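Two complexes, one shared chain (subunit A), two partners (subunit B, subunit C).
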Partner chain A sequence: MANDREVLREIWDGKLPICFHLAQEEIMEIQQPDPFYVMVPRLSYFPLVIDKMKRHFLRFISQENSDSEMWLDFNGQPLKWHYPIGFLYDLYCGNDPQLPWTLTVHFTKFPEDILLHCPNKDVVEAHYMSTVKEADVLKHRGQVMSTMQKKDHNQLWLGLQNDKFDQFWAINRRLMESHGDNDGFKHIPLRIYTDDGVYNQRLVCPKNTDNSRKTLQQMISELYPEKSNVNLRTHGVIIPPETPLQWLSEHLSYPDNFLHLCLC
Partner chain B sequence: MSSVTYTDFIEAAKNFIEISNRCCDGWKFIEHDKDKCYLRKETFLNYKNGDYERLLKADYVIFYKESYCVPSFSFNVWNSAGMLLSLDDIRTMSLISINKKDFYSVVTQQEHPIFQRPYFIIHPCHTESVLAAFKDKSKNIIVTFLGLVCPLLNINLPLEYGM
Partner chain C sequence: MESREWRNNIISKLQTRNKYETAAFQDIISFQSRLFDNVNTLKNENLQLTLLNERIRFSSTDGSPSGASASNERIQAMEQKILVQQEELTSLHRRRGENAQQIMSLNEKVHDLEKQLQAKDVIISENTALIASLRAEIQMYETNMSELQGLNQVLRDEHQALQIAFASIEEKLRKAQDENRSLVERLIKYKSKDADKMNEENEHYLKKKSDKLRKELEEAAREGGSRSSGGSAGSTDDKIMDSLPYYATALPSKVAIRFDAHDGEVYAVKWSPTDRLVATGGADRKVKLWDVSKSIVENKGTLVGSNAGVMSVDFDSTGAYIVGASNDFASRVWTVADQRLRHTLTGHSGKVMAAKFLGEPTKVITGSHDRTLKIWDLRSRMCTETKFAGSSCNDLVTSDGAGSTIISGHFDKRIRFWDIRTEMSANHIMLQGKVTSLDLSRDSNYLLACVRDDTIQLIDLRMNTIVRSFSNEAFKVGCDWSRAAFGPGGRLLAVGAADGVVFVWNTYSGRLETTLKDHTTAVTSVSWHPQSGLLASVDRGKRALIWGDL
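Right, the complex of A and B next:
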């Protein structure tokens, strides 16, 4: 049960200042466009927060590209829109914070071997919901999502999209409950990423074989036995190694119900 | 909820490869990691639609989806200019007449869990329920699985697999 409302609220309210620049090769006007500054929720996804920015840059690009799919890069690295914004920042700038986070906007040469296409917001919703479902399969064999009504699924997405904490958590708390005789999830939905963006997803139990609560450190020792001094970062902080995984999953998961952790 | 274990999957995959080798169907068994194996076939397709004909390159990967305990089918198809086909292009090639909404609920573009690059992947929820129905009657769970996928994606499955 995700009891610590203060922590949940703090995570929810996290924001990042972004500075968007239009890529030089896209600029068709003599006048250089001003960069576009915006404060975005760490827990959101880029396609949900870039409408105004796109309108701002549209008049500077070639008209034939105005319907093309926009994409973003940081230092030449295309940004995967289906990852939460705060996580992308932790991945690329976690060790070397730089705010505002400066990103480049493109309308041509879509890197289709790296980025998924995102023709509309429905695709973002579909991706989000399928990740939540996968998390539920890991935690509860899918039983919570399958017994929820469509309107509850919609409420999760709307709560996230419209930044409505109470609306979102009214449903999400059910996904954070433990079921049956376990007082924990069956498996913890988590992904561990190295700084090249490659992730490792394994079946991780929140309990040790002696039924004690597994801590982050214990999981690290299991997954990376040959490495010493391994730290994991999420939501901009290095997680204390003695943190129990069950608590971490309930409180520090992203809205997609997964823990996205950066190895550092 | 019936499920296929990773061991079941590997056993079926090795069996599948034997048949593929016998009829030269071009599948390979690849050990990506100590606990991540998959079947892959890279091939060229000659797609005919009336008078219209084009050469396409396809990459098919059958892998095990650990979270759902089922085999999963992923693919990419490129045209002769090297451009990835869209989901709608794939849908129009299907042997089954299926509308956009239904097709998109079964097949979506996702980040592949093994390659971490964009692939079209068939939703595990759909595979799960059908495979559960066939599990006890099937000689090879991967052949059964492919049998479901092939008409949807217009892939040829030689008869040898059923023997």
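Right, the complex of A and C next:
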């Protein structure tokens, strides 16, 4: 039960200003292209928001590259498109915020070993749905997603794609229900990322052994017993350690129902 | 739920974040995007206007005096030209497409033709192989043929040689046959000479004997002349008898018995060779047997079975069987003793005119109006042979005891001689009229034929010529089957005439010896008794007469 609408709304409305530059070596025109500024939702994915920008830069590259796949990089680091945009920003610029976020657009030399290919939006949808199902398995043993119809899944995806809060949360609410008789999920779907992008996914129960709600602090001490003063950031904010995990998962999950936490 | 510090904390943090990240830049970026869009649209418009400008400038440099309207027209003309060019272009593209299509189809055709060619090549190779094999066969056949020709030549040479040999042998055969024939002729000549000599000798001997007898008789007569007083009545007879002393066939002069034989015309009469039995056959379909051993005639029996008139009867040599030829196309054989019908010989398709036993009593020969003679075997009761005579047979006789020669008299004035073994008549003699009857003399040398031209012909069989012919003005042949008969010695012959008179001739002298008148109707048949001089005659008026001394 994600009842805290205020929080949900604040999370949903998060937007980032991004400035796209075309890579210097790919400019074929004499005229320099203007950088392209756009406000993108934090919760969305890159392949969904780059259409206009691609059209803008298409004029300035050589004809033969116009069909090849476009990829983005920040400071030489290719950006994985299957992570939410907000999370990528937190990962790379969390400690050192630069606004607007300047990214470079490339059309050639696709880094095969780092990035996956994303030929169209359906691939993004497929990835998103699989992540949702994975989370559901962790939370409810997969029962909620399996009882939902195809049109509900479609509604979920369309709500996210078109930035429709009510449409999205009408379905997502069901995924935030408690599992059976328990007061909360079976396990918390979360991933903890380090600076180099590697993540840690563990089975985490929202309840302690004494059946009280587990807080973030307790989880950190469980997972990283030797580290002290560990802070986790998500959605651009550092989470107070006494926040219960259950509440955290219900309200601060990304649209794919996972908690993506950056270690800082 | 207790302390919501962390919640408030989070909320405030999020709000600051938003203020910092979103709000600050929102307006700017939206502004910027709007500017971008405007710039883009303006750029497009600019592009369009420059194009237009170019066009207008282009047109205006070409036709300055005409001004805007001319330039408009030019523009239109240009546009039209462009349209036309575009149309041409499209049509050329289309044609190119069609050509490409054609090329494809032609390629296909070429492909097919190549395949056909390959197939034809295969066929050609097969055919050449076939030709080679056929040539080999031809070669073989040619060698065969040359071999065969060689063989043929060899065979022909052999054949020729054989032909030559055959011709020479034929020559030899012919020569041998000629020699044979000439030798046979000579033999016959010698034999006839011998026979003549024998005849002469016999005559001489007889003459001598008769002279001797005459002398003795004269002596006796001289001696006993007184005793011969009562012989005056028989003197003429004696004289006649003297002239033929040993031929004790006393000339019959008077009727011994007269009787009614049948209920209709009597066609045939025959003496039995053994005892004094006479058989008569008539139109009443019966054959009747009469015994004249005593001085009166006794009806011994009646043989029935015929379905039509009996034309001729004949006894076999033993007198046990009697064969009757009938008008119902069949002849029948009865046993005399019990008068039972033994055989019926059917097969002729015409009236059977004559039936005679052929030597032994198991063979019968019949002559019929259907122009055939048939030989029957009584053991198998079948016709063993049929001879086609060509003309209706009226009478037939068999020569010698074995019956190897048959003589038949026919409607076509011919007498035909048959050998039992041949199909065709060996010989024939033409006469002047239909032959009504034949009779053979005891010694089988003379044949008498009664002919419808009212003559009797006497034929010598050895020489196949007519020796003598007997006729008389009063003598007319009564019917087509009127029978004549030799006397037992062969010296006399008797025949019945149409007016009922029986004429008796001397065969040797040709003199009419006597005429016997007693019948009222035409005499159909006569028969001499083989031993005594009795003569039986039958007529059309149911009468049968026996002449002579009983």
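By definition in this document, the second predicted complex is superposed on the first by the 264 of 264 C-alpha atoms of A that agree within 3 Å, B and C clash if a C-alpha of one lies under 4 Å from a C-alpha of the other, contacts with A are read in each partner's own complex, and residues count from 1 in each chain.
Here is the rule we go by: contacts are C-beta pairs under 8 Å (C-beta built on N, C-alpha and C of every residue); 3 or more make two chains touch, one makes a residue touch a chain.
Computed from a predicted structure; not experimentally measured.
Enquirer: Let's test your reading of the overlay: on subunit A, do subunit B and subunit C clash or fit side by side?
Expert: fit
Enquirer: Report for A:H117: first if it touches subunit B alone, second if subunit C alone, otherwise both or neither.
Expert: The answer is first: A:H117 touches subunit B but not subunit C.
Enquirer: For A:Y199, select first, second, both or neither according to whether it touches subunit B, subunit C, the two together, or no partner.
Expert: It touches subunit B, and subunit C stays clear.
Enquirer: Between subunit B and subunit C, point out the one touching more subunit A residues.
Expert: Result: the larger residue contact count on subunit A belongs to C.
Enquirer: Could you look at A:D4 and tell me whether it touches subunit B, subunit C, both or neither (first, second, both, neither)?
Expert: Only subunit C is touched by A:D4; subunit B is not.
Enquirer: Students often get this wrong, so check: with C-alpha centres, what angle lies at subunit A between subunit B and subunit C, to the nearest 10 degrees?
Expert: For this superposition the angle at subunit A equals 40 degrees.
Enquirer: Would you sort A:G236 into first (subunit B), second (subunit C), both or neither based on which partner it touches?
Expert: second
Enquirer: Who does A:H127 touch here: subunit B (first), subunit C (second), both, or neither?
Expert: So A:H127 only meets subunit B here.
Enquirer: Does subunit B (first) or subunit C (second) touch A:P78, or do both, or does neither?
Expert: After superposition on chain A, A:P78 lies in contact with neither partner.
Enquirer: Just how close are subunit B and subunit C at their nearest CA atoms in the overlay, in Å?
Expert: Subunit B and subunit C, overlaid via chain A, are at closest 24 Å apart by C-alpha.
Enquirer: Using the touch definition up top, name the residues of subunit C that touch subunit A in the complex.
Expert: 3, 5-7, 9-11, 13-15, 17-18, 20-22, 24-26, 28-30, 32-33, 36
Enquirer: Help me check something: in the complex, which residues belonging to subunit B touch subunit A?
Expert: Where subunit B meets subunit A, its residues are 1, 66-68, 83-84, 86, 108-111, 113, 116-118, 123, 125.
Enquirer: For a test of understanding, state which residues of subunit A touch subunit C in their complex under the given definition.
Expert: For this pair, the touching residues of subunit A are 4, 6-7, 10-11, 13-17, 34, 36-39, 56, 97, 99-100, 235-240, 242-243, 247, 252.
Enquirer: Quick check: in the complex, which residue numbers of subunit A touch subunit B?
Expert: 80, 82, 112-117, 126-127, 130, 133-134, 137-138, 141-142, 197-199, 201, 203
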